[in-house]
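Sending over a structure as structure tokens; questions will come in a sec.
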Amino acid sequence: MLQVLINGALLGAVYALIALGLTMVFSIMRVVNFAHGQMYMLGGFVVYYLYGQYGLPFYLALPAAGIVLGLIGVAFNRFFFQPVLATSTREENSMLMAVGTALLLENLALTLFGEKQRGVPEVVEGIFIWGDVAEGGVVLTYSNMLVMGVAVLAIVALLGFVQYTRPGRALRAVAQDKEAACLQGVDVKTTTTLGFAIGAALAGIAGGLLVTIYGVNAGVGSNISTKAFIMVMIGGAGVTKGAILGGLLLGFAEAIGYDIFPGSVTYLIIFVAMIIFLLFKPNGMFGKPWG
Amino acid sequence: MKNRSILRCTLLAIAAPLAILAAPVHAQDVLKIGVNGVMSGEAASWGLVNKYCAETTADVYNAKGGVDIGGKKYKIEIVALDDKNDPKLSVSNAEKLTSEGIKYIIGPNIDTTALAVKPVVERAKAMNFPYAFAKELYSPPANASVLGMVASYQVGPIMYDYLKTKKGVKSIAFLARNESDSKNQQQEGVEAAKKLGLTITADKDTYEPGTKDFMPVLTKIIKTKPDAIVLSGVAPADAPLLNKAARDLGFKGSLSTETAQDSKILAQVAGAKANGFLSVGGASTPEIQSDAMKAYIEAYKKRVGEWNDEAGTKVYALELIIAVLQKNPAAINDVEVFKKEMETFSMVNPFVKDGKTKLEFTGKADFGRRSQVGVPLVVNEFQDKDFKTLFVGTIKN
Amino acid sequence: MNSLKKRDIYVSFSVLAIMLVLPLFIGQSRYLLSVLMNCAGLSVIALGVWLIFSIGRGYIGQAGFALIGGYTTGILLTRYNLSYWVVLPLSALSAAFFGALIGSFILKLRGIYFSMLTISLTEAIRLAFLNGGSFTQGSKGITGLPQPFSGDSPLPMYYLGLALLAFALLLIWRVHYSRVGRIFRAMRLNEDLAESFGTDVWRYRVMAFAIACGLGGLGGSYFTVFIQSVYPQSFTVEHSIYYMLYCFLGGLEYVSGAIVGAFVLTILFELLREFQQYQTLIYGVLMISVILLLPNGLMALGSSKSEGSKKALPPIGGADTTPGKADAKPMIGRSS
Amino acid sequence: MSTSILEARNITKRFGGLTANEDVNLLLAGEAGQVVSVIGPNGAGKSTLFKMLSGFLKPSSGSVLLYGQEITGMAPHRIARLGLVRTFQETTIFPDLTAMEHVSLAHQLHRQANDLEVVLRMPRARADEAALSASAAEILELMELSPVADVAARHLPQGYLRLLGIGMGLATRPRVLLLDEPYAGLNPEETNRAVMITRKIANSGISVLLVEHDMKAVMAISDFIHVLYFGKKIAEGTPEEIRNNPKVIEAYLGQEDKELGL
């Protein structure tokens, strides 16, 4: 059972990191970024090329993935989302744009990087073994430890940034109330761009981090997005602690579910449980009501 | 007046594209071969490899000025259509291909799409070569589909027997990707293993397509203490992760799958942790490949950029089609001739080194008729970044 | 409203009329007919999604109900050997029934929560069929279904698709352009207001959802006999998203928007086949361009100008003429 | 001895730790056709009270009675059916529908035909439409909107829209009409018209309860006034009594005199 919990913790930390980026974009722009998974995928490819192919050290390649995706985020925001938000008559138009960009990124990646699964050498080799798993023992690879550690670090860093820095406070102000933030002298346009960039960068970092243990291919995006949606919904859309909690919950639910039920039943139960949960708490755990 | 213009616009909007779609292209002495399969989205690699293989074969022939059929030189043209893994699209793709007069179509990739296409191909008096394993595609009364590769239920028993006799395996756990094809493979595998007297420790476990962390599902499997784990219908992207997770969890037994994999992916993602992994191969392992195969691999690299071992099992379909057409040129416009030829056709497998291996149509034992490309049944073991051929068998006929 | 409705009438009528006579010209080509059959079936399904948009919910769960319709068809045809003409309406009804059942709970959610929930619902329905044991035959699906028409010609199937499209269009048309449709729109803009003048909002929401899901089931049943099989992955989240896209790209203000979107996107994808591996890439680029250039959908093409010119105020006595909040953009999920 | 028309008994509303209304009592009794107002400075809990009366919020405790019948926590549409109807500040729902069509649409409660008949355009549905447009015309007449009956809402000025909103409320044929700040944002001329029309509505036998900021208008039209302050009721009485109530004056201290209409 301990192994199951460790599996859950690893998944949870990773999921939380993925969900954070999505919820960030949502809180700032009210956009459900369907392309989040595709951004994750691109982050994986950045690290694959820089670290795996060109031999750059991992600790440089990973931030590079964040920066590249952050820039893509800025461009997307500027050229795709802002125009749509400015001209559309319905809120869902931004969702539509997100679907369009997801399709674009996925096919661009397929054309540029090919159809193959890619992987990189392990950053740290070795494994921590404590007994036989079949007998209730526990194993934890150093790679997984590294991933969990970096994920937690990234989450803490983001929370610190949002809590204690000036641009971070501006982000929170915009997330809370755009007009009020504007009145308080916050540069809403820049802050929105920053928010989208951070959201995209988080996806890139998650992808770049996970390529070290999962590999990456052009088609992984949509699954990541769907899972991220679940986590964000459980926690409440646009709420940081909600995303973290949602990620952890899904991680543990998946790990424990796979231990008890045959594969797909786990996700059936997760989906049904989530639907029922949302009926009683329509805004997730910490979310604000819609509207 | 404005209303009429709307009407006209709509008419134009619907009719004009259709007119373009309908425009028939007839060129002299071109042999058109269709490829119908998934070429985008999550499973893109399956259909793309089919497409690349067919295109490479065409490249090889066209470089020599075309293929000689009945004294005429034909240029080979590949028409590849993406069905996005959606049966509705597979059907309209098949209609499009057959409406262009194409008689031979490679693909689709999975049961869902292959079964949807079956009636279309049968009606249009064409043939297709799917890479799906559903038996109703190939057993009479079905008569238009030819399995393009080795089916899992053909290689499974041989593999389990090998595991049992050579590796001392007594118990097997099965894990499948949760999809129609894979689950079928799992069920067939379980039955075959039972027949061999092996103990089955897990027979229903699945993972969702898109899963990346296999620790949870493998933790459960490993707790059942099997000697070997069989991965049913596992996608090339999943195999290295499954190997890695199983080894990380301390699993010491054998891992195997009945589908084709790519060594580079295994080496990149799982590294040494994939050592000992058994999978099905084509003819691309260095031990058995002929010069023709080497040239093919070079041509493939030229077209695609890099070789994919999965393609090793998919080099045969078009090669065999062309060989039959060369033997009996009447088949070029009449698939009935082709079907008749299938009964007796035999050639030397050009891709295998010894020059003795036969390439013919097989499958009588499983389907009741010769409706399968007689790909050599090659079992590979992954060892230090590459596949080593373990043994070469033939499909019971 | 009149210009809007007129445009709607002409486009709807044109699509139906053209489809009716087109086989005279392309009757030989099974391929073109199959593309149009896809268009028709997808339109039926998308019309349902469109209706849910008209009550102010972004609905991404229609594939689940298409799947329910498809499985009802598959199970009834194979197990009970019923005629397809009995099975078809039953499929629509069963999807509508489950729609009403599920809808009566989930429709209280709004905005993004509803959209995301319906995505999860699509997955949950797919997984339910996947784990349905021998009843649904799990991942093996139900195959070898008989087609309703004997004979070789694709035309009967084509005209069945056209008939279903005409039926769905007429249904949504009648609903939308009646008092009921106005109530739907009132609910979209302000549910509280609609409720304040005595509308049982819950009942209307469930009604709309049942109709929408029924159309999903109808289309799902059509496709199931069209490809003669149904699997859990026959209709997935990706399809749900596409149905939503059809409505958006066609135009949410027009009933025919869903149809225009389905036809244009489907035919466009076929046209782009010429570009081989760049097909989907170009498709994505074109889609983004449409969203950027025509935020209100293809049906709004060229209409923005004429509406703008009408803004001149007619003479009204007495009061000053501050423009009211009437110009406020209609938004989904706005609360007071 | 007077009949109770609308009564709130000790209703309290808490949002988490915040108390929006505490033990508020409110009675509208006697003859039908009175105009009663609820006033109070910003944040006094007026709109929360208003929502609880009309069913859009459920009180944490206490009860609401309409003609002696308990309606606490009932769905708004059922309360509307019983004759208590509220209006909204933001009214226009379809920029492209005419004033006439708006009012006719609001006749949701008095149709004979069911929805199926409506969709199929059966005879009863047609008869409904005819009858309802007659009734709608009457309401527009009362609201002095007849001249703009066929004008699309998007072209109507704010003052007309407000009246249209009230007209839509009337279409349900209420016994009690709750008006949510009906005069906010109107210029003096528009306000005067609106006040007169409110009086006409009351005179037709419909009791009116309004929440309003515009003191001048409230003082001019109300028969009775309740004053809320920080969620509690601090005074009630005729306009004259309210004007002279020291508690009220204190509550409004610091606010501009104009607001009290002094």
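Per-chain numbering from 1; labels A, B, C and D assigned in written order.
Here is the rule we use: contacts are C-beta pairs under 8 Å (C-beta built on N, C-alpha and C of every residue); 3 or more make two chains touch, one makes a residue touch a chain.
Given the structure is predicted, the values throughout are model-derived calculations rather than measurements.
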Check every other chain and keep only those touching both chain C and chain D; list them. none
How many links in the shortest chain of touching chains run from chain A to chain B? 1
Furthest chain, CA centroid comparison against chain B: D
Distance between chain B and chain D based on Cα centroids, please, to the nearest Å. 71
Centre-of-Cα separation between chain D and chain A, whole angstrom: 48
For chain A and chain C, what's the span in angstrom between their mean Cα positions? 31
Measure off the straight-line distance from the CA centroid of chain B to the CA centroid of chain C, and report it in whole Å. 36
Note the residues in chain B that touch 2 or more other chains, in rising order. 40-41, 48, 178
Quick check on chain D: which residues sit in contact with 2+ other chains? none
Note: chain A residues in touch with at least two other chains are 106-107, 110, 222, 264, 267
Strictly by the criterion at the top, what is the full list of touching chain pairs? A-B, A-C, B-C, C-D
Interface residues, chain B side, partner chain A - complex: 40-45, 48-49, 178, 204-210, 212-213, 215-217, 219-220, 222-223, 225, 236-237, 240-241, 244, 248-251, 262, 264-265, 268-271, 304-306, 308
Of chain D, residues touching chain C in the complex: 54, 56, 75-78, 80-81, 85-97, 101, 105-106, 108-109, 111, 115, 118-121, 125, 129, 147-148, 151-161, 168-169, 171-172, 187, 189-190, 193
Mind pulling up the chain A residues that touch chain B in the complex? 3-4, 7-8, 10-11, 14, 52, 106-107, 110, 114-122, 127, 129, 132-134, 137, 139, 141, 144, 210, 213-215, 217-220, 222-223, 254-255, 257-259, 262-264, 267
Would you pull the chain C residues touching chain B in the complex into a rising list? 6-7, 10-11, 13-15, 18-19, 22, 26, 29-35, 38, 41, 130, 138-141, 143-144, 152, 223, 226-229, 231, 233-234, 238-239, 263-264, 267-268, 270-271, 273, 276-277, 279-280
Enumerate the contact residues on chain C facing chain A in the complex. 53, 58, 105-106, 108-113, 115-117, 119-121, 123-124, 127-128, 130-131, 237-238, 241, 244-245, 248-249, 252, 277-278, 280-281, 283-285, 287-288, 291-292, 295-296, 329-335
